[in-house]
Amino acid sequence: MNHKKQINMMLNGKQISAEIEPRRHLVDFLREDLGLKGPHLGCEQGACGACTVRVNGQIVRGCLYLAVQADGATVETVEGLTEQGVLSDLQEAFLRHNALQCGFCTSGMLLAAAELIEHQPKSNREQVREWISGNYCRCTGYHSIVDAIMEVLEARADGRQVKPVTTS
Amino acid sequence: MKAAAFDYVKAKNLVEALALLSEHGEDARLIAGGQTLLATLNLRLSEPSILIDITAVSELKGISVRGNMLRIGALVTHTEIESSDLIAQHAPLLKEAAPHIAHRAIRNLGTWGGSLAYGDPAAEWPACSLALDAIMIIQGPNGVRKVNAKDFFIDLYTTTLQADEILVASEIPLASSNQEHSFQELARRHGDYAAVGLAALIRTDKGKVQTCRLAFFSVAAIPTMASKAQAFIEGKSIDAALIQQAVNLAREEIETLADITNSQETKTHLLGVLLERALTKMMP
Amino acid sequence: MNKPTDLQGLVLDPIAGDQRYIGHSEPRHSARRLLQGQGTYIDDLQFPRMGHVVYWRSPVAHMKIGQIHTDRARKMPGVIAIVDGVQMATICKPWVATLGHLAGMKSAPEYALAVGRACWQGEPVVAVVAETRAKAEDALAHVEVEWEELPAVVSMESALDQSTPVIHPELGDNLCFTRSLDVGKVDDVFKSADVTAEATFGFGRHTGVTLETRCQIADFNPGEKRLTVYHSQQAPHMMQDLYCRQFGLAESDVHVICKDVGGSFGIKVHAYPDDFATVGLALLLGRPIKFVADRLESFVSDIHAREHRIKGRIAANKEGDILAFEIDDLTAIGPYSMFPRTSAIEGNQVVNLVGGPYKHQNYRANLKVVFQNKTPTCQYRGVGHPIACAVTEGLVDLVAQKLKMDPIEIRKRNVIPDNAYPYTGISGIKLEVLSHEQCLRKIEKMMNYPALRKEQEELRKKGIYRGIGIATLIELTNPSAAFYGVGGARIASQDGATVRLDPTGIISVMIGVGEQGQGTEGIFAQIAADAVGVPIQNVRIITGDTDVTPYGGGTWASRGAGVGGEAVLRSCEALRDNILKLAGAILKRDADSVVVRRGNIVDKANGEQLLTLSELGRIGYFRPDTLPADFSVDLMVTRHYAQKDYPFIFTNGVQASYVEVDVDTGYVKLLKHWAVEDCGRVLNPMLVDEQVRGAIVQGIGGALFEECLYDESGLMRNGNMADYLVPMAYEMPDIEVAHVETPTKSSKLGAKGAGEAGTAGAPGAVVNAINDALAPFSTHVFDQPITSEKILRALGKVK
Amino acid sequence: MELSGEQLIAASVNKVWLGLNDVSTLHASIPGCEEIERISDEEVRAKVMFKIGPVRARFTGKLFLSDIVPEVSCSMAFEGTGGAAGFAKGKAKVELYGTEDGTLVRYSTEASIGGKLGQIGGRLINASAKKIADDFFQAFAKQLGGELIVLSDTKLEDKKE
């Protein structure tokens, strides 16, 4: 049964078009068809958050969103957002605080954290914990992730840039 | 886990959506937020032949005030409810409940209408719609009909919504100044389906309770009102003794169902605790 | 809170001439690629002609396999092959997982794909290979297996009853392994003791839930007859050896590569039936085959762990001296012992470790390990430690309560004193050097214990019930061959490092211990940079490739830093010596008169810079003609290290948990958690801290949230990511970590390992805290995971 | 999972018994029943579309009747497979009692849901089973021209080993 559909989307700043099966969810499309391996699949039932990507400026579960639904949408992944703006601050802070271990959850965690920083810039540790609860991390104890996000929140509150990590 | 193959069509407006629904009948499934449907499809627990995407149907969108009613379109997302000033002003119960629904990424897509139409007994919106006396606006091939929330949920995952109908919106009486609410939820992890939950609302007049709505969720096959407890409270002023009697009534009248980690008895106990807390909070 | 760990208290003498990295919180620079979504996990790899396999798994706990109908499935688009157990058995030998030193242990032959019958829900039966995962799943829906359900052994309590069917009749009964230990005069002591206490401790079956599921790509090249397996695994050489043996291949023809691993925790250190099946398919089809378990498969096919029921008792005198422990441990492991480490180790560890921190002289333990028709269990992070610790510390608190003694006081009084080492524990374990007393003093300060007790007291008057739980622990690390080797398992306890000076002065380190996120790449770079004398950015670490790295054991039993790190240190020191010899030859001066500092050869006496390593590399590699005729340039050296002084090295620590119990709902709020950890030399405090925290959260998972729930017919009821509760950020507390450093003398590095102690201590601390909170109601809960319902039952609020 | 309950149907014992043994009545009563045929006095086969919430699974099932005491009681064993979705199996005892208002049908069922449905559906399987039983008796009563007289609540308990 072939129901392939033509879709166009703005992906990480570039207009792309493709023909895909409606059953292909967004992350399979990104990973298998476009080779963007940043978003990961941890459960495909919307529980773990490893597949988090940004659609039309909002984080979504990439496994619970069809690629056909993204027709005409703006889609951003860690690859596109990396080393600029909020994400680069978060990346430096995550590295400084060792807020990742195996890294499988990291791209999703970063995108979730970025949305928090944009929507709740005054969050405290508890609010940070609440916000990132949609993203499982099985390696860290979450503590260092909260530390890293707090560093970015506080730096931004003081209008500071998070300073890049260098070797000692 | 990959979904079985299906076709996909995006409806431009309500008329088209209804037409598509009639055309494809049982083989079709509507997709709005898709946060329940797509998980089910990925798991191959459902294999529809076509999905009808209604996210472009403008008639289902938006939050607005019409006369003395607050209108919430079926496509309004949990995030929109969480951040809407109109909701905060006219249905503060919903603003308080929204953060309990799953997690941000899911709230960004999941919809008011989707949650009501599924009628998951553990979900927040069905219970809230009961507590708020919401009216469901339903459109089918033969036009529009309105159903009160209390008549909308009829059995496990079953509402009065017919296969060829679409839930368009809900209308909720604007919050009044003599109104108090309380939202209580117990979940083992934040964002999980509730172990037990309660959406409560009272309107008082001169210290006496005029109307009382106690809508429990995740206690039975459908969101359940403690009607005996409500009737008992109405016309009285809330005090410790009344609370205790109301708790006993609610525990008696609600036939709880066990879930995977909570026995019937535990649920019965917990619903009483939540009721006690809600009434204490709303006590003038 | 949000600043990197301070380094206070880390005061060991340097081990390198110009030590700048070891002992410091150097960030893991190699993690940048992960932060940018540029890691290389198995599912990220795509190869030409790659087939995707999905498995038809037994839907029931125990079944006889009837006819398998695949005609319709074979006709589905994109299907490449469908293989059953009989066909697979023609190329892959079955295995029996036992260890020689576990006397009397038995298990039955297990096949890559079930033959004749399947013994647990989730056992792979039929393999379906197609061009894409989706097409393979499409075809899977059309595979029809006729099956006849067989009676299932579900409850471990009745597994040994006469009336219970025997899962493997050839074994005679459902007993896999049993062990008894009886030291001192246990019965007399319990008869005469001033106080005794006893309890039954339950431990829920749980599992690892690595965020990246188990996965591999097996590729057999018919041209060169060579098998390459890309595997998300902890022990590449072990898998190479197993593939050779089960498929009759030459070691030289099997290449195992483990790149980025998305979490392992012990889940990925075992050899699973579907590992062999996937390799078998590659051999049969002569093309790359990718297997990526989906989450539902993971829950029923990844190993589970910790299904134990322990009756324990403790005796003490009225002064508060602990006199004796006694335990009776019953544990169930599924229908087969897991290959190749076996499933008897966990229970065996419990016997070894109960009472471990204390100096009592009487101990009796009985262990029964039984078979049942559930997913096999095996070594998962902490292996027996969280069980032994929760039992020991629960009993200590019970007796302290009876004696009205403070939990910290009774521990101070009974732990093996810091000056008593070396010491042989009552179960026979050899303890080189531990620091219980120091750790207890430190945590008391850290948590401001007296103030906390005061706060608890005052809140109780207001009807707020908070509890403080303490758990001392020991953890075995850096195992010698005594763990597996002596039992006949071909699992290396040694590891080797090959280190090379490249012409431009870069140091390349090749080592068998892989990176699973714990930061081995980072600490190995720190060690190499300090030991050779170069900036850390000039060090490159290469791991997880059996064609490239020295033969080694890999990542398990908290051995990466202690064993792998020592190998890196020794090889780097040897390379440094060769570098100095070459420098001497180039500079025509005595090699002892120069040293390597930050990438340069400098004069030992005055620090004058004499030669850069890149210049040395240029001459060494391209102008040996300028060197003395008999001079041999050796800029690549290998050194191996095996810990031989003790069966294991032991670490110790103490954890404390502060909780609030809502006595109306039974819900528990974790307010704060503290850990003082002595893992010997701390190579990187920041990495150790988060290792400890992550391990603590996994321990808390088992204590409060995680459990594989089964129905009476042996079917898992919550085998999905929504209903199996992995700890999430909101419920987890902030966790403060501090260190005491007592290096092991068995290595120059002195690192003991830190991967599992967090998991070992957390459940004991949390359960004790909950019971401390419930103390005013004189009730206890010892059945993990502790749910609100269990607490309400203990409080008599529900039956 | 155990499910037991009683239903009072406003129809004679004889009518109820015949209904329970008449495949066309069953066809019309079993929720989502698409096909049903009687293979022998003891065996019935059916195709049923299991529909609950977002889940849709087509089960092919067999029903074996035993200990048949006409107009009094019978035992049944059933097993159905829903392909990739999973399977359901169990046994039930049905007893009929004549009362002045009609026939009291008492049933006790032991069932287990396996495969994916069991792995995922845990949260609501009890409620689903109850719904199916209720729907059946509602429809069944209608088929017999009587209605269902609401009675003592259906008891559900979850036996965890």
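For reference, chains read A, B, C and D in written order, and residue numbers begin at 1 within each chain.
FYI, a residue touches a chain if its C-beta (ideal position, glycine included) is under 8 Å from a C-beta of that chain, and two chains touch if they have at least 3 such contacts.
The structure presented is a predicted model; accordingly, all values stated were derived computationally and were not measured.
Asks: Measuring between Cα centroids, which chain is at the maximum distance from chain A?
Replies: The most distant chain relative to chain A turns out to be D.
Asks: Pick the pair with more C-beta contacts: A-C or C-D?
Replies: Looking at A-C and C-D side by side, A-C shows more C-beta contacts.
Asks: If you average the CA atoms of chain A and of chain C, how many Å lie between those two points?
Replies: Averaging C-alpha atoms per chain gives centres 29 Å apart.
Asks: Please work out the Cα centroid separation of chain A and chain D, and write it as a whole number of Å.
Replies: Those two chain centres are 48 Å apart.
Asks: Can you compute the centre-to-centre distance for chain B and chain D, using the mean CA position of each chain? Integer Å is fine.
Replies: 30
Asks: Using the touch rule from the top of the page, what residues of chain C touch 2 or more other chains?
Replies: Each of 134, 137, 141, 294-296, 709, 717-718, 720, 722-723, 728, 730 in chain C touches at least two other chains.
Asks: What residues in chain D touch two or more of the other chains?
Replies: Residues 84, 116, 120, 122-123.
Asks: Among all residues of chain A, which ones touch two or more of the remaining chains?
Replies: 21, 23, 44-45, 130, 133-135
Asks: Every pair of chains that touch: which are they?
Replies: A-B, A-C, B-C, B-D, C-D
Asks: Give every residue of chain A touching chain B within the complex, in rising order.
Replies: Answer in residue numbers: 1, 3, 5, 21-23, 25, 28, 44-46, 49, 52, 58-61, 63-66, 68-69, 71, 112, 115-116, 130-131, 133-135.
Asks: For the complex, give me every residue of chain C touching chain D.
Replies: 59-60, 121, 137, 140-141, 149, 154-155, 296, 299-300, 709-713, 715-720, 722-723
Asks: Inside the complex, what are the residues of chain C that reach chain B?
Replies: 133-134, 137-138, 141, 294-296, 664-665, 667, 705, 709, 717-718, 722-723, 725, 727-728, 730-731, 787-789, 792, 797-799
Asks: Using the touch definition up top, name the residues of chain C that touch chain A in the complex.
Replies: So the residues of chain C in touch with chain A come to 1-4, 20-21, 24-29, 31-32, 34-39, 41, 43-44, 46, 132, 134, 208-213, 260-265, 294-295, 516-519, 535-537, 686-687, 689-698, 720-722, 726, 728-730, 732, 734-735, 758.
Asks: Which part of chain B faces chain D closely enough to touch in the complex?
Replies: Contact set of chain B toward chain D: 36-37, 39-40, 43-48, 118-122, 155-158, 193, 220-221, 255, 257-260, 263-264.
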